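Just dropping this structure here.
Letters A, B and C name the chains as they come in the text, with residue numbers starting at 1 for each one.
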Amino acid sequence: MKIIILAGGEGKRMWPIQTDKCLIPFLGKPLLYRNLKQVRQNVDGEFIIVANPQSKDGVEKIAQELELSYTIAIQRESKGMADAILSAKDLIEGEVLVLNAEDQLDPKVYGEVIKGGGDVMVAGLKVDKYFPGGYIKAKGDRLEAIVEKPGAGNEPSDLVKLVVDYFKDGKKLVEYLEKATSEKDDVYEVALDKMIADGMDVKFTKYDGVWIPLKYPWQILDITAHLLFKIEHNISPGAKVSEKAIISGPVIIEEGVRVLEGAVIKGPCYIGKNVIVGNNSMVRESDLEEGCVTGFSSDITRSYIGANSWFHTNYVGDSVIEGDFGMGSGAVLANLRLDDHTIRVGDPSTSSGQVDSGRHKLGLIAGKGSRVGVNASTMPGARVGSNSLVGPGVVLYGDVKENKKVLVKQELEITEHTPALTSYDQFREKLK
Amino acid sequence: MKIIILAGGEGKRMWPIQTDKCLIPFLGKPLLYRNLKQVRQNVDGEFIIVANPQSKDGVEKIAQELELSYTIAIQRESKGMADAILSAKDLIEGEVLVLNAEDQLDPKVYGEVIKGGGDVMVAGLKVDKYFPGGYIKAKGDRLEAIVEKPGAGNEPSDLVKLVVDYFKDGKKLVEYLEKATSEKDDVYEVALDKMIADGMDVKFTKYDGVWIPLKYPWQILDITAHLLFKIEHNISPGAKVSEKAIISGPVIIEEGVRVLEGAVIKGPCYIGKNVIVGNNSMVRESDLEEGCVTGFSSDITRSYIGANSWFHTNYVGDSVIEGDFGMGSGAVLANLRLDDHTIRVGDPSTSSGQVDSGRHKLGLIAGKGSRVGVNASTMPGARVGSNSLVGPGVVLYGDVKENKKVLVKQELEITEHTPALTSYDQFREKLK
Amino acid sequence: MKIIILAGGEGKRMWPIQTDKCLIPFLGKPLLYRNLKQVRQNVDGEFIIVANPQSKDGVEKIAQELELSYTIAIQRESKGMADAILSAKDLIEGEVLVLNAEDQLDPKVYGEVIKGGGDVMVAGLKVDKYFPGGYIKAKGDRLEAIVEKPGAGNEPSDLVKLVVDYFKDGKKLVEYLEKATSEKDDVYEVALDKMIADGMDVKFTKYDGVWIPLKYPWQILDITAHLLFKIEHNISPGAKVSEKAIISGPVIIEEGVRVLEGAVIKGPCYIGKNVIVGNNSMVRESDLEEGCVTGFSSDITRSYIGANSWFHTNYVGDSVIEGDFGMGSGAVLANLRLDDHTIRVGDPSTSSGQVDSGRHKLGLIAGKGSRVGVNASTMPGARVGSNSLVGPGVVLYGDVKENKKVLVKQELEITEHTPALTSYDQFREKLK
């Protein structure tokens, strides 16, 4: 069995997160590491990992650490799934299982497609409400077609096709992919349709387990939560936890961590190597990668915090922080609209220029090396590009590109200070 | 004895508090409940409660819960005290005691007017300094006249007439009220003057106990303090108080309350049903009605907090919050002028458009359903109408009407972020 | 031996700190007190303290408290070191040791100059990098000249002359000073040069101990740190420290202090008389002079806080607060530039109008009686003059003169609040 792992995608919608999606560390290990490990434990086979030129080294390191039997193929440009597989065509033969590098899945699904019995076998996720993906049109247990984004009410079934695809004959898959053409980004689906049309035995299995993709940065929060809720409590003997700190629920606390007096950690939480959880700070349901410092009296809740980020008396709720981030005292990453609406995030690929995250709570999404100044506030769903600064006192409603500095220009009124009531009231009057 | 409770007043000056004054809950029970209970315990008689059409149902519920012997009379429009009593005229006979629904009084005063021995008996509050009310002009223990707002220095005595009025013959009171006319809002006082002129035996008793009226919303704080300082320590067995929380002084903690680790409650305090006092939060000398949540590291001091309000890392000092209120992290309700003056509040009925609360400390007065965004600041004595939003980062000096959204428009300067010192200094220079 | 203490300097560069430099209290005692005490313990002699008309009373009080043998000479105007000494000329005879009132020095240096064996003996501080002072040009152990600010790379030695000057014959010193003339502020150095030219035996000793001058206000932080790191742990029996507070490291806690539940003090710290360290507040490596109140959940770190200052949920880092200071809840004194540069402070005597403090961390420098409003932010190195107010929400980049009030004028957009998403998004759009 060849297991093709698609790890070369571009992650356009992940902005401002620049780390290759599959290399983002969760609970101390890159996402790809976790997923490869799970597949290896459940499927016998040789890995073909399709990486891109930027991610190649990171991917290689992971494969080696896992002592996989693997080959890395490089997809030069991000030109879709068919192209990704074809960049590894010389390696493909015999049975093939195609998987996304980032998707969180229950491992039982691998066996179900492998042992499903068709020439081709795919998995359909049971959904409760409309999802903008490719739907399975079925005839019994056989696939008739994949219907891309049919629109709510027009779904041919309640099953959305995942990328857990089994092919009995890998060579044939390559043939079909090489022949297929399309003007859209659906060459792979065109090839699949052709197989059906040619009478191949294309079947599907229903899947109702967990599925978490990583297409948008806020899905980092979904993956974080998913992984945290599976952890087993473990505090490293090399960590120093004050007797006057409070730890509850399952937490992983790594070596070199210091949890200071009055700090509260409410699990599930991952506290990476050498993190300092400062006095009177609270961390809840969050992943703090190594080297972070919460400072005094911060509240970090349901967030993903990349390595070497520092805080000081901040509220960080439902936020995605890539790393090397800094935040001045009193700055707040708001995570809830005052009107309780779901939170929309910029996305130039949509007609509105925004996409609804579907979340009622979402804070900041911050690229690596960014900073938020003292007493600044960022609004729910705002994004800040790498190495940019949001200045002190700024109320940030929109996004900030990379390498920018955003400062507020306040109109200050400077008057003589006399203790008389009048001048103050006059000022108050003017502002009415 | 008929006990007439005047509970139909409009409370014009209570804006933005919309709840009928006598129905505002304190320590879990409406003000009227507490006051009726006190009267019932001290005076034998039948209650005639004059309500308005809006408050009727609430008043009825309270009277039933107390198992009073009562009748409710409805005053259709708010047209003063004489009209209020006359709206119940068919019920009035025999001895009559007239009381305000909201005033906090020492119960001993009831007996003193009832047993005072006159045809009419009123109570005069001993005051230390000028108060803009009706003063008693006395001859021995007999009342000669009520002098309305004589002005400082012109007081005929140091006694201000309260509304604790006893009439031996209720029918006669009705007669006098029906005959009296005035172009001002003083028909009741005109009737009283006529009784004196007609030679009736109108006497007064001196009263030097507590008296707290409810005319302005900040008096809610006075009532809160008055009631809190009388409580007896009681923590419900149905409350969960962390061993790592600190409770001192007398507190009432109701069922379903959760006090989390590191929280501090300094009595006297009332913590209503199902309230959550969050980690590292402090509550002092305050009334938190049911369902409130303080969040992380809030400081709520000498405040009245209506039901279902939530906070998160806030300072709430000397504030009146009607309920269903929400406050973003880092928002502050300032309660002290930087120049230490007493705090003035808007009041269109005065020539200056303001009234001096006489308080050195007064925070926000917020109507039901209002919101204050992250890192916003409200100035001492500011008022926010029901369902209005004060946006993130706003510094609110004045008032906000109902159903408004106030957002700050910041001028942001966005520049390339280079680590060179120059551009920052140039910016700094510009702001000088 | 006459010990001349130069305590009459003007401290022009100390703005906005107005207290005479030598009278600034550290750890409960004026700087002059500490320094005179150290000299007395190490040198036998009679003190001649040159004060100015403003500082005279304070200086006298200290000398009396120390039971010194002393005379105070008054320098009418601040006209340099030679003039200062000459204002005491009638008192000078025999051996003379000249010292600055404020410099922190290792006491061993006194003996080294006194017993050095020359007619005149000075001390040269060994420096690692260029310092803008007077350098020693040496020939063996003899002084050839003092070279004022030679510029980096042109130093005649690595020794900067301190003010620890011994003269065997005080009368001769007076003679030389009276004869010397200069258009610059270097009459003293001109006299010294003349002594050398006349063949007097002018020698120097190398000194490599501590030296902390007090020329700029941020040096108050250096002195604070220097003194704190020498303290011995001592908690007054007259202090009340909650069992639920956490004290670590050496601290001095004076009488009448109250340390409330959840407070953290990390030594070395000095907590002056009657200070209140409020619930959940943290004080680290700081000097809080008497009567200060930290309020709830403040973080005061590496700062000097003059008497009777109050705080409430603030971050105060690396700041110099003269005293009688007040800070509203949520205000932050930023101490670190987002770009990590060293912090520059205004100084009109330089061509750039600024001087580099050389510090990576420096917060606010605040004159006596100043105030910072709720949620205000001051930028690193900002200065606020006595009795000035920085209003709520202000982001202060520059300096504020004395007796000013600085308020921010926000442009507020007030709209109807409807729960529709549109208007909010439109607003968001406009701000882009």
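Side notes on the structure shown:
One rule holds for everything that comes next: a residue touches a chain if its C-beta (ideal position, glycine included) is under 8 Å from a C-beta of that chain, and two chains touch if they have at least 3 such contacts.
Small disclaimer: the values here were computed from a predicted structure and weren't measured.
Superposing the C-alpha atoms of subunit A onto those of subunit C requires a rotation of 120 degrees, given to the nearest 5.
Of all residue numbers used at the contact between subunit B and subunit C, under half are used by both chains, marking a mostly different-residue interface. Separation between the centroids of subunit B and subunit C, computed from CA atoms only, is 51 Å. In subunit A, the residues that touch at least two other chains are 262, 280, 297, 330, 339, 375, 379, 389, 393, 408, 410, 412, 424, 427, 431.
Listed in rising order, the residues of subunit A touching subunit C in the complex are 244, 261-262, 279-280, 296-297, 312-313, 326, 328-330, 337, 339-341, 344, 354, 371, 373-375, 379, 389, 391-393, 397-398, 408, 410-418, 423-424, 427, 430-431.
By the touch criterion given at the top, residues 246, 262, 264, 280, 282, 297, 299, 315, 317, 330, 332, 334, 336, 338-339, 375-377, 379, 387-389, 393-395, 400, 403-410, 412, 419, 421, 424-425, 427-428, 431-432 of subunit C touch subunit A in their complex.
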